[in-house]
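Take a look at the structures below.
Shared between the two complexes below is subunit A, which has subunit B as its partner in the first and subunit C in the second.
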Partner chain A sequence: MQAKIPLRRKLHLGFRHMLYSLRHTRLSTVIILILLTAVALVSLLPIVYVICNAFKPLEELFVYPPQFFVRNPTMQNFTDFMYATDVSTVPFSRYLFNSVTVTLTTTALTIVFSLCCAYAFSKLRFPGQRALFDLITIALMFSPEAVVITRYLIVNELHIIDTFWAHILPHLALPMGVFLIKQFMDQVPDSLCEAAKIDGANEIRILWSIITPAVLPAVGAVLIIAFQNVWGDITTSNLYTVSESMKALPYFINSLTSGLTASSVARKGATAAAGLLMLLPNFIIFAVLQKSMIETMVTSGIK
Partner chain B sequence: MQKPERLPRGAKARETWKQMKESWIAYVLIAPFMICFCIFIVGPVLSATVLSFTSYDSIQPPVFTGLDNFTKMLTKDVVLMKYVIPNTLLFAVVVGPVGYALQFGLAWMINKAPKKLKKPYIMAIYAPSIAGGVLISVVWQVFFSSDRLGYLNDILLNLGFINTPVAWTQDKNWLLPIMMMVTLWSSMGVGFLSLFAGMQNVDEQLYEAGKIDGIQSPLLELFYITIPSMKPQMLFSAVMAIVNALKSGSIGVQLSGQNPTPNYAGQLIQSHIEDYGFARFDLGYATSLSFMLLVVTYILSRVCFRFLGTKEGE
Partner chain C sequence: MRGKWSYEKKQKLVGFSFILPWIIGFGVFTAFPLLYCLYMALNKVNFVTDHLEMSFLGFANFRRALYEDAEIPNKLMQTFQQSLLIVPLIVVFALIMALMLNSKFKGRSFYRAVFFLPVMLTCGNLIATLTSQGQGSIDALQSGTAAALVAGIGGTLGETLQVVLDNFLVILWYSGVQMLLLIAGMQSINPSTYEAARIDGAGQWEILWTITLPGLMPFLFICVIYTIVDQFTASFNPILEVITHHSINISTGYGYASAIAWLYFLVILLVLLVVILIFRKSLGLAVNRKEKRA
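Showing the complex of A and B:
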């Protein structure tokens, strides 16, 4: 068994090690590290702030001058916003249910649609292929925000206003999904598919049991992007739904903050708690899939 | 799915038709996505193009008015000329090229950092883009809040820079800079990751070969080896920068809580479109603005493709 090193000794060793490595790094690296750390801190500050505020008890939210860090953490804010029924007529759980249902469905469908479409573009040959893929590449820079009005008119014409379809269908048109998976798939050697074809596998089978396992990183990246796209989306709730019971979580959080000033503290904690709840899934998914994301981005280039 | 309307006449058309029939499975596979794509992306773009030549109030059917909307844009819309266009240009330049340079710089620095630290830095810098929308309402409104409990006011009051609290997001001098800052903060997204990944992936041997050929300074290395090797990723990320600038168009409205923004200080083209479309129901004019925005975006993208696109034989 290893002998236990006392903490002081450990710290001392750690410090010595740090000094040693500092002395042996180039000055430029040190400057880079200082700059990066500064940027990283600025980036994270607002997020730390939300986390702190979410756990602050009422009196700490009120205190002047305002405090950044939380001293006596409490869960009060989380229970508060869940029962904050006075801002809306439907309970919190309904927004949560809508958001979860819509997000899961949309993300799953996006992945399936993108996989099928990317497979056709990457491994099959058909007339119109080149033109259609160029169209998708151009559409990468399409942001729904640019044509918000005609998009609304189309959703209206389809008579899906105030239904789950309005939440799901517009999000499925995600050119990025097809693009990223297709670019990644291009690296998978065609010989794999041909070998399977000789063995008598049909296209669906090749896609499912040979290609999909090979492009899992790209699927992970698309999962992140599709998830974020839907989970945090407020436009759908604002424009495509009418009744309160069809709206999603971001809308609820926004209604908590609307008209909020720092002095109306009653809601400040609840808002932060709700915001944190909103952010958590995003962070967890990204942390888990970070590697796939970077791997996919290597092939993301437009040639 | 694509099917020719009439029977193919020439041999070439017949050949294409035969190929199409043979590869029916490909069309089936792309169908689900392409249908959504056509309805929700191609559809809105086409109808914006058509409606921009009409007068339409969403109740009466649209009436064709030729170039009236565009004349109005150039001659009658004072707000557009005086506030919206200058604001949008400034915002676009800062969030677009400056943001892009920032992303590139950060990606480059992370690439130079020791291996163990890369992951935490990436996480920290990417995080705001995940948080983006939610945090605008939760954090920034409180941070820039108009009374003493706002963070910025508190800090500046304590340091003695100001004597009375400033209503940051209602102030016409401050709204636009704040919008740009918040957008930049949350813009290190997919494009940034792509740049980083592209840099990581540059062949080490190229650097070694460069050293032998006498490339000494890191700056030369950057221009002669790194950038040429990662052009595709740079193009992708440039496209993402354009998208990001477009997406954040209504951030002024989100921050100040009103449309039009106070004194039109944070009025960007997006908010202007929404103002005309959803508040004044002048859909014809609103879509003509959308149409112009699309045209400008398209031109910008062509410029990016021109500079960063991989040419034949490269």
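Showing the complex of A and C:
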């Protein structure tokens, strides 16, 4: 019969184990954890602030200096927002539909075009390649705000004012998208593509099943940038569309508080609530990307 | 022989067809507006009901912006200085955070998720609201110890520190994408290199400087470029406000706004050139290594 390990011995072993793991949790790890926690807390502050704002009653929203936390939380802002959506000239669902359609299409197309273009720049050879890529890198530096009016002239020339095209087309050629993905693709060894080519894969297949999985972090970053460009975009609604039914959500929310009429002041609460609601898709994308992107980044890597 | 020629030709065609959709969009909505903007900068532009009225001025708009308008060179310098400070800060901060998030510890994916969240939420509107309400800085940081510290150090160093503290949240929130890119870059370094180094008796510090950082160079380069673009083209930028103001101002006109935009563009380009010069050596090394491997 196997002798049972006496309790004293067990305790002793447990204690030894604890000491061991304590001694081997390196000091650097502890410091890293403390630092990360501190920075994480600070970086979450704005989110807390926006959430608090959405639940603040009107008198708290107008307090100066602005208060960080909410004192008497209320749902009034959301009710106000619902009311504002009821009385808008065009049904609220129309703005929502416009925004969602435009955002989904633009983000998807931007990623596809950027991937194709970056692939050609990184892995294919064609005349004028270097010069074209230099041009893109230079164009990165030009702010869209500066070309708003010339863009308007072109949108006007193309006769796409007041259509979905006016929402989508100007956003598609995102220089940052090509730049980011191309730089990541450069890190993927050419031999990988050559091997696939010998195995009989065509260019589209190589791009889709070999290169794209390897540059997923860059694709994710482009997705985020493209999404943010479009979802919060108010310029397009202001300039390239005329009829109310072609305008997007940010325009509607902005219009709630434009002008200093009594109703627009009262709607400050509704805007605060809308500000939180506008972030919902961001949270959804976060939830989706968080697992897939951060984890693939850990496991797959590039080279 | 003929087969090879047609293969090459086919390759070129494939290459062109891959970039075509993007290049058309780029040409129509970015490159052409840019050049058109330059043309307008050389003119006095008036909006008449349904068309534009232009009279050629030459470089008068540029001269006016540089010599007569006191505001423009001032704002250009201001933006330049601020970015010169903020860009390295963001990149270094992102690098440190990425290094920490990449080291092994319990709950790492939780922390990664936490730092990923702000990336998702830096939607223009949110940042604009926050900065307009003075939430870009943290009150707690400014009052008390920090203020005393800044006052104690004084001079340029103190002021720099003040700027850092004032923009702490901006740095934090605008470094998310960079963190992401750098972590991805760190994953690309072969783990066996680290093992070999550790067997050869290299310490953490040595490994950081001789393996991690050189391996990260291409990614650091991407990060620096991204940060510069992000900072210089952020819509709350003082110079962009001036441009927007002038483009709707009838007396100065759109031509003048275009001239300022192009001056600004040139300044950023200058910064970009400096960055490329700094990184040229390390990037060139990386390229050479790659060629040798191939």
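Convention: the second predicted complex is superposed on the first by the 200 of 303 C-alpha atoms of A that agree within 3 Å, B and C clash if a C-alpha of one lies under 4 Å from a C-alpha of the other, contacts with A are read in each partner's own complex, and residues count from 1 in each chain.
Just so it is clear, contacts are C-beta pairs under 8 Å (C-beta built on N, C-alpha and C of every residue); 3 or more make two chains touch, one makes a residue touch a chain.
It should be emphasised that the depicted structure is a prediction, and the values quoted were computed from it without experimental measurement.
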Which superposed partner A:Leu172 touches (first subunit B, second subunit C, both, neither): both
Which superposed partner A:Lys268 touches (first subunit B, second subunit C, both, neither): first
Partner chain(s) touched by A:Phe184 [first = subunit B, second = subunit C, both, neither]: second
Partner chain(s) touched by A:Ala40 [first = subunit B, second = subunit C, both, neither]: both
Which superposed partner A:Pro217 touches (first subunit B, second subunit C, both, neither): second
Touched partner set for A:Tyr83, first subunit B, second subunit C, both or neither: neither
Overlapping contact positions on subunit A, where the subunit C interface meets the subunit B interface: 28-29, 32-33, 35-36, 39-40, 42-44, 46-47, 49-50, 65-66, 113-114, 116-117, 119-121, 124-127, 129, 132, 135-136, 138-151, 153-154, 158, 169-170, 172-173, 175-176, 178, 203, 225, 228, 232, 250, 275, 278-279, 282-283, 286, 290, 293-295, 297-298, 300-303
Footprint of subunit C on subunit A - complex, ascending: 28-29, 32-33, 35-36, 39-40, 42-47, 49-50, 65-66, 113-114, 116-117, 119-121, 124-127, 129, 132, 135-151, 153-154, 158, 169-170, 172-173, 175-176, 178-180, 183-184, 186-187, 189-191, 203, 217-218, 220-221, 224-225, 228, 231-232, 250, 275, 278-279, 282-283, 285-286, 289-290, 293-295, 297-298, 300-303
In the complex, subunit C residues that touch subunit A: 11-12, 14-16, 18-19, 21-26, 28-34, 36-37, 40, 52, 97, 100-101, 103, 105, 107, 109, 111-126, 129-130, 133-135, 138, 168-169, 172-173, 177, 180-181, 183-185, 187-190, 204, 218-219, 221-222, 225-226, 228-229, 232-233, 235, 237, 240, 243-244, 247, 254, 257-258, 261, 264-265, 268-269, 272, 290, 293-294
Subunit A partner contacts - residues on subunit B that touch it in the complex: 2, 16, 19-20, 23, 25-27, 29-30, 32-34, 36-37, 39-45, 47-48, 51, 58, 106, 109-110, 112-114, 117, 119-128, 130-135, 137-143, 145-151, 154, 158, 185, 188, 190, 193-194, 196-198, 200-201, 218, 230-236, 239, 242-243, 246-247, 249-250, 257, 270, 273-274, 277-278, 283, 286-287, 290, 293-294, 297-298, 301, 305, 309-310
Footprint of subunit B on subunit A - complex, ascending: 25, 28-29, 32-33, 35-36, 39-44, 46-47, 49-50, 64-66, 68, 112-114, 116-117, 119-121, 124-129, 132, 135-136, 138-151, 153-154, 158, 169-170, 172-173, 175-178, 203, 207, 225, 228, 232, 234, 250, 253-254, 257-263, 265, 268, 271-272, 274-275, 278-279, 282-283, 286-287, 290, 293-298, 300-303
